[in-house]
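Take this structure first; my questions come after.
Chain naming follows the written order as A, B, C, D, E and F, and within any one chain the residues start at number 1.
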Amino acid sequence: MSAKETIWGEHTETIEKRLKAFHPDLQKYIDGFAYGEVYERPGLPLQVKELLAIVMLVSLGNPQELKTHFRGVINAGGSMQDIEEALLFAIPYLGFPRVIGAFEVLRSMQK
Amino acid sequence: MSAKETIWGEHTETIEKRLKAFHPDLQKYIDGFAYGEVYERPGLPLQVKELLAIVMLVSLGNPQELKTHFRGVINAGGSMQDIEEALLFAIPYLGFPRVIGAFEVLRSMQK
Amino acid sequence: MSAKETIWGEHTETIEKRLKAFHPDLQKYIDGFAYGEVYERPGLPLQVKELLAIVMLVSLGNPQELKTHFRGVINAGGSMQDIEEALLFAIPYLGFPRVIGAFEVLRSMQK
Amino acid sequence: MSAKETIWGEHTETIEKRLKAFHPDLQKYIDGFAYGEVYERPGLPLQVKELLAIVMLVSLGNPQELKTHFRGVINAGGSMQDIEEALLFAIPYLGFPRVIGAFEVLRSMQK
Amino acid sequence: MSAKETIWGEHTETIEKRLKAFHPDLQKYIDGFAYGEVYERPGLPLQVKELLAIVMLVSLGNPQELKTHFRGVINAGGSMQDIEEALLFAIPYLGFPRVIGAFEVLRSMQK
Amino acid sequence: MSAKETIWGEHTETIEKRLKAFHPDLQKYIDGFAYGEVYERPGLPLQVKELLAIVMLVSLGNPQELKTHFRGVINAGGSMQDIEEALLFAIPYLGFPRVIGAFEVLRSMQK
């Protein structure tokens, strides 16, 4: 299974349709470059890659993609605790407000 | 051995002296909160924490601390390849300029 | 016609009222400095200025002003394709999440 | 009265409950480090600290915490005019879009 | 004395020449808008304004302007301790790396 | 001639060698995705693309790549005045410090 299919899981079709509606070439670049090239690199376990994705998204101000990659950690075999630990670890680097915002997104998904 | 001693390794004394000269309480907070509390949390392996640290520092524009945490990955049992993979993985999230800047710092350490 | 009137078009009154309600001097500075001084500089076509505005707003995390300047590109004689191309061009510089967020704003305006 | 109690005022219980639900250790770190250590430092008046907090939150893209610290300025003895002046002062440093976004949050609290 | 003259002090001529060499209109906008309009607003003491300037510059990644405004705090009647307190206060909001970088700039000025 | 060859001009070999030394796949991704795919899109003139690149690099804090794209504007048929106008136009969006830093880089190249 590709990294993309693992991360997106049951949401694959929905996400792909959404990206294509944004712009067919946006979807093409995400598919071909981001997932097809960069995510498929061997070296780091997919679970670690998804934790890296999460803290980078937190540093970018918690855009909506955060939800996809919270799910991605779980889909790649990680745990809710891994996510929480990555977020708490971000505090000394990014400060509290960014991390509080990320927890807000995380908890909003659990309702 | 504490997370701090592992990451800072032979540079521990130099780094601590530098931070204390910046401000004694800055050193105290880094020692007590960042390393003493947050880094000592169980859950994620120190090696993964250091990779998270790296991509967050890249997202912050590659400040000097990047050097400490490049060394930190190695000191925590990771490899040069782990560092390179984390940096390449950051491209789709943070764009090329941030990552080019990080490689510049990395390679400058190897001369 | 002033740059401001071209960009804001039929929304001029609404935007001005909103800014004045935020703070009269905020509106005054936007009117006098941002539009009156900087936007009125000769040199770059207004259409190009609006594309520059868009990618800077994307880099700032897609604040609401993005909508005003998507419209601004069109009102200054540019096309929907110009907007899309500027957004896709931003990918290598700012990464995918920022650009996905911008397309989300763009498509939400077309519903 | 602690800095935290002054700033959070009548919202203390709600905020603490919210943070604890996000993660007990997040609440612990905010309580122990952010408020217990850093905010309690003598030197700068609490009112000035809250104005510093506000412009940093504006620079981070106006996260929800902004509301807490708008209230914090008032609770620490400052005025609505102090808040407005801090926001207007941020324009030359952070640009207009960040400041417009902050006024949007401020005025949404007054409805 | 104008806010600009107070902050820039004995460096006024040097800074103005440097800005004019960058672009005459850059100097004109800084003189007319940033200092002439925004800094001259009544309401907040100049000393507080300079502390706000400092934490915003720290959040922007510690550009060279930080030096000017470290001096500005002192020139406006503040103390070295005020500067240090503002920097330490920024930790919970912006994280440690930004603040370490700022202390680096501060201490480099004292040699 | 490709967009890459036009922008990099006589520095093509040097830049490629530098990127390859950073990481062969970094160079491959820049060549294949950033320049091969995104830059080669029809729609916007290369000159406009380079001005977009410049303001995005300014928003990222003026990394070294700025030099390459200052030259890129000229190599793509633009003028020094176009560069200056793009930088001045960025003031209301990104604030003065970012723009002052960019002029510093620009003028350092002319010595």
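Quick note on the criterion: a residue touches a chain if its C-beta (ideal position, glycine included) is under 8 Å from a C-beta of that chain, and two chains touch if they have at least 3 such contacts.
A quick note: this is a predicted structure, and the numbers were derived from the prediction, not measured.
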Partner chains that chain A and chain B have in common: C, D, E, F
Partner chains that chain C and chain F have in common: A, B, D, E
Per Cα centroids, the chain farthest from chain D: F
Mean-CA-position distance for chain E and chain D (Å): 22
Rounded Å distance, chain A centre to chain F centre (Cα mean): 29
Computed distance of Cα centres, chain F from chain D, in Å: 38
Residues of chain D whose C-beta touches two or more other chains: 25, 29-30, 33-34, 38, 41, 57, 60-61, 84, 88, 91-97
Contact graph of the chains (line, ring, star, complete, other): complete
Residue ranges of chain C touching chain F (in the complex, touch as defined): 30, 33-34, 38-39, 41, 43-44, 48-49, 51-53, 55-57, 59-60, 81-82, 84-86, 88-94
Footprint of chain C on chain D - complex, ascending: 61, 84, 87-88, 91, 95-101, 103-104, 106-107
Chain E residues within the chain A interface of the complex: 91-97
Interfacial residue positions of chain D with respect to chain B in the complex: 25, 29, 33, 37-38, 41
List of chain D residues in touch with chain A within their complex: 19, 21-23, 25-26, 29-30, 34, 57, 60-61, 63-65
